[in-house]
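After this come two complexes, each holding chain A, first together with chain B and then together with chain C.
Moving on to the complex of A and B:
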């Protein structure tokens, strides 16, 4: 029988007889179940909020249609607040939940989930009604105990707890020379022992994860497979770290210390340093500063418009158009305001893009960051998706403005038929599959690269020095 | 079977082994006697390929240990001073594990039991967790492995240290059986009297050098003790 298989089988038997395996599994199952429940609760609330926003849009459209049909007559068309004018159109753009929202509870609250769109609303204010403040309980609890936290922070601890003494156990108890006197290479021992732990620790952990996801969300097999592959890779990385530490540690205590130090460095310290580095290289733009700048621009636009209006000789057209001219003047004012806003926003946008670029690069500084990023992408709670939604909402606002402009140019009133035949609808377009898979592939590649580096360094250590210390 | 040619090993500036020439034939037990640090364990580690020689060559059945350590180890059985077993496994499971690693064919439970009983492990202890075994019992499991492997070369590093007299006597009985089966044995020990009883040849080592070797039966126990003390005190005198 193959030596590796013999080592693996014996190791599995030893683990199964150890007293720690069952409690570890039970603890992990409990943590996953609780985190999934938290995620499912948040996801349900978010889903309800999105549904309410969609309902609100339908109700507004129905109300406007009813006003046009039932209450409006040609001689009192301005009586109902201008429902008959295209400028009164009202829309909601919503960001649907990702395929696996339960992975991350509340993280998506950092970005607006919807936009309120009217033709004359300033583009920088369309998300204002749906921005969660810092005091929002969902924002405060974001990521505190969700599946992403369990996987990124606690899965490594599960793996390390079960494998920190992968070889130091033998070394500490003086078994090493006797084992190495058998015609089996040290690499074979290490890999086979690691494989047993992969089967009994990483494998079940991934199965538990997939099971809780299946229970809490209706995700497709592709998404589940992606989570499973990434989690397996991440678990294997930590197993590789434990094996690497065991090449140096002379005792189980030393190995435990090394493993915990590795965990602290890669899960806690490096992400904090990466964020600090990102702040240094590309500081985030200040929301308060941006808001003030935009307010100033809006005030300037209004002042300019007022000056123009005061200076211009008012002449009422005869016969009066269907749509009052003051709405056309308002359209010009909005357009001028948008030009100012675009100019004011550009530096902040450049600053944000620069920061995003660095943040994307710094993903590669730790497998924990890459894994967190991948989970957020799978949950649909990543910054890229949120910014994509914001871009699409802005584009939709421009579409609505163009439509309104056509009504103004043609002096055409809204009719019930317009509502019946269908008003424009916002549909969020996800990133192309290739782009999405590319980002996930990058994250998986980072984790795999770290694992390969560990394996290469371990192999070098084995080559350079006989395993049994001189 | 076990040979060394001008084998030397330095640890930094310290010369742990100095130009050792050894030739242990099948059916021979070579006992190395010497104080701690004389280089006994270093020879064993060099023959196992755990250490890289500074110069010279270690050969097992004609195989250069440095060139093909795995092939050399396939022909060797090594018994350290402290045999540690996996405490979660029974004696039988431990033996199955180590025998499997050594490539022993047909490790059926019946054969494993036979080897263990042959080595003197009581039948009642076979399925008990090895965590509860005494040192003597662990040594016996190791001997069972030697029997199972029918190794052609045995390297024993102070194997009876800490064993009670009865267990020690039992161990040496088993050792003689292995010798009679044609094994070449290299044993490092401090036990002069047992060495004289079981050894074919005795070598006295000091400061990494083999001072002298002689047939065990050439000297009485008292003469051996005197010679050993003289040689070791000579070390102090030099």
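Moving on to the complex of A and C:
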């Protein structure tokens, strides 16, 4: 214990005296600060876009309320159908930003952030207006330089750059036989040296990250703690990799090569292969094909409605109802259309769910993917949250349709009071904390598992006593 | 003793370096790995491209059937129902998919509105999608330079290489000959990789063979060759200037990290900050705002049509709308469509001008990374970049305008004043309009490749100069 402490202290002192540590820290601080600034800008813009969407709904409701109060008379009712018929109600459902939006843009740009909801709108089109962004595709292709990028891609390089010669340095200087002649086990040397690197590389990096987050976003201590724990775990994994490579490397150059190869494999190659595997096992559904199928269904619903309208003897009610009967007929057509849409969409939905299942599973193939997944969840920009929003927006549309149906049955017109406080409101419900923590736990488990595998393989290598003889 | 002939020394150095390269197991494995990755990526991309092309042809057929299935319908309702068009896959995008995944290959065409393309392959997905998949361009732009760093960092640095170099200098070889010889040896190996990649690409794109295809492919390979040679020159110069192999490797990796990872990511973001483009919400709000300020085409009673109405009555020499020989609503739809199309065109022109400004700004980052010059050049030649996409969108817009106006003119000429509801065979009305998008010609593409090519050549010349400097330093040391 004492020997380990001495080794650790010596190693820490040597690192502190080295001219490379400070530039590494400064580079990491600069990168973190820039990424947080970019993230904050992105988050502000997105917040403004969401606010503008909600303003649309408020403005429409205000305009219609004013029409009812100031312009509507018993004689001009037909001109204000948009304001008084429940069938024309207009809503916006928005997905609010998560607790740590500056952390990662994640999948936020791959899924709609809002839905436009009218009672008679086809449920498959409510997200259409919010799907296409205007961002330069070149920026999207380059990827966002957010904190997630700094942590997932660059933090490993910081750790590896500071620890690639963990033991090979001693070997290269010819110190290895002398050190191993001391009454200290090789494992103790390695662990003590790794602990010093953890203290001076991983520790400050995590502190910088937490400080940057505290400065840019008002996050709760639980979220910050989760980021800190996951980042520490991820940093320790890369430190473990450096230590593992050092068990084999003959020289510092060879160790550097091994570390870079490990980084390349786990951060670039394995994720690309995993994505290829996901494409192979569960290819994405074709949205163009789905659109054509749905358009064909719309044609079918229209043809059926026409047939029914042609067959039915249409007699105008006397006295005329408040809400015209053609809107009741349209409601039936919409209901039939919804049934057809549900049937047509199901195979594509199943295919997409299968793909997401595989993608979620394949995050276990590399700690980098698992860490990225965890950061996206913490940022509230993960696919699961986006899909939950879609389900809730769809459920809200159905609620609005049910409400409309009640108005139609009661032949009731909307009033100013309805606009004041009788309108439904979309509120996004987050996943239960246990589900969220479970997913984060899985990601942390993957990183920990990789670290344990490295430790086990390293221990095996040490037990076989090949460490100091090669 | 006479000094050995310059070319003979060069030949000897090249041969010797070849032997070292062939003997190095680590390099053989790395080289084979990169070649295999490139080949697999090429074959996969070719299969995917074929599948995408077939899917788009199938979707276009089904879409036409849906359009035909409308039968008799209100032409304006049909304009709102709209049509979909699909972007053809370009043959060379197999080699460099460029921005395709972020552009979307489908456009909805409908009345009053110009939609952006949709169904991007990056839509949806999960955390894994952030990492991106393989493409031949990724292998050739990012992995090959990394291979060059690994292969060449020890050409002069490290104890053994340094001893060998001094022995060679002692035997009469000049440092510049040694550097040039090693450069030629590595360049020969890279040329082999380039020829293999080019041949495989050409074989996979056999159905697209034409003079323009080979012209573009040839230029692409030249660009990649220049890029690789520039990287090689820099790594060799670093190796010659650095005695320690470790320092040479770290410097080489640092160069790779900055030029292949950081600059390509940061430059577009900085360009976006310098020339900001509106968000989708802002863009549509501005367009809708301008449209709303104009007359409403759905409402013939809109007072803002007064001047147009007066001019129309004058043109047809009548005093009342009811006396017009055409349907006035149809005429208003036609007129309104022209106004909204002009507004959209103006806004899109401005948006794409901003994109162009961003691209020009990003190109300036070529000063720190040759990849920033190679990327736009390669994707331009592959027609997988933004200007090629815009070319498709412009054709799609022309087609949209044509079919919407055909439908509006049908109302204008055929709807009689006494008709309460009007329906026409919309498929028959629009049958004359056909959408056959063409790709950019090689000449059109070449006009955009001059500046990136100049940057690449500048990098190559710079790398040679750096090698020369390294040689002078070694001569001084000798």
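Things to note:
To be clear about the criterion, the second predicted complex is superposed on the first by the 451 of 470 C-alpha atoms of A that agree within 3 Å, B and C clash if a C-alpha of one lies under 4 Å from a C-alpha of the other, contacts with A are read in each partner's own complex, and residues count from 1 in each chain.
The rule is short, and it goes like this: a contact is a pair of C-beta atoms (placed from the backbone, for glycine too) under 8 Å apart; a residue touches a chain by one contact, two chains touch by 3 or more.
This structure is a prediction, so every number in the text was calculated from the model and none was measured.
By the touch criterion stated above, A:434 is placed in contact with neither chain B nor chain C.
Shared-chain residue A:141: touches chain C; no touch with chain B.
Judged by the touch definition given at the top, the superposed model places A:318 against neither chain B nor chain C. In the superposed three-chain model, the partner touching more residues of chain A is C, compared with the other of chain B and chain C. Contact with chain B, but none with chain C, is seen for A:13 once the two complexes are overlaid on the shared chain. Of the two partner chains placed by superposition, only chain C is touched by A:131; chain B is not. When the two structures are aligned on the shared chain, A:45 is found in touch with chain C, with no touch to chain B. In the superposition on chain A, contact of A:417 is made with neither chain B nor chain C. Of the two partner chains placed by superposition, only chain B is touched by A:178; chain C is not. Touched by chain B in one complex and by chain C in the other is not one residue of chain A. Chain B makes touch with chain A in their complex at residues 11, 45, 48-52, 70-71, 73-74, 76-80, 82-86, 88-89, 93, 97-98, 100-103, 142, 155. Within the complex formed with chain C, the residues of chain A that make contact are 38, 45, 48-49, 52-53, 106-107, 110-111, 129-145, 148-149, 153, 157, 161, 165, 251-253, 256-257, 260, 264, 267-268, 271-276, 278-279, 284, 286-289, 291-292, 295-296, 299, 352, 356, 359-360, 362-363, 368-369, 372-373, 376, 382-383. Across the complex, chain B is touched by residues 1, 3, 6-7, 10, 13-14, 17-18, 170, 173-175, 177-185, 466, 468, 470 of chain A.
Of all residues in chain C, those touching chain A in their complex are 26, 44, 55-56, 58-59, 62-63, 65-66, 69-70, 81, 84, 86, 98-99, 101-106, 115-119, 121-134, 138, 142, 146, 150, 154, 158, 245-246, 249-250, 253, 257, 261, 264-269, 271-272, 277-285, 351, 355, 358-359, 362, 386, 389.
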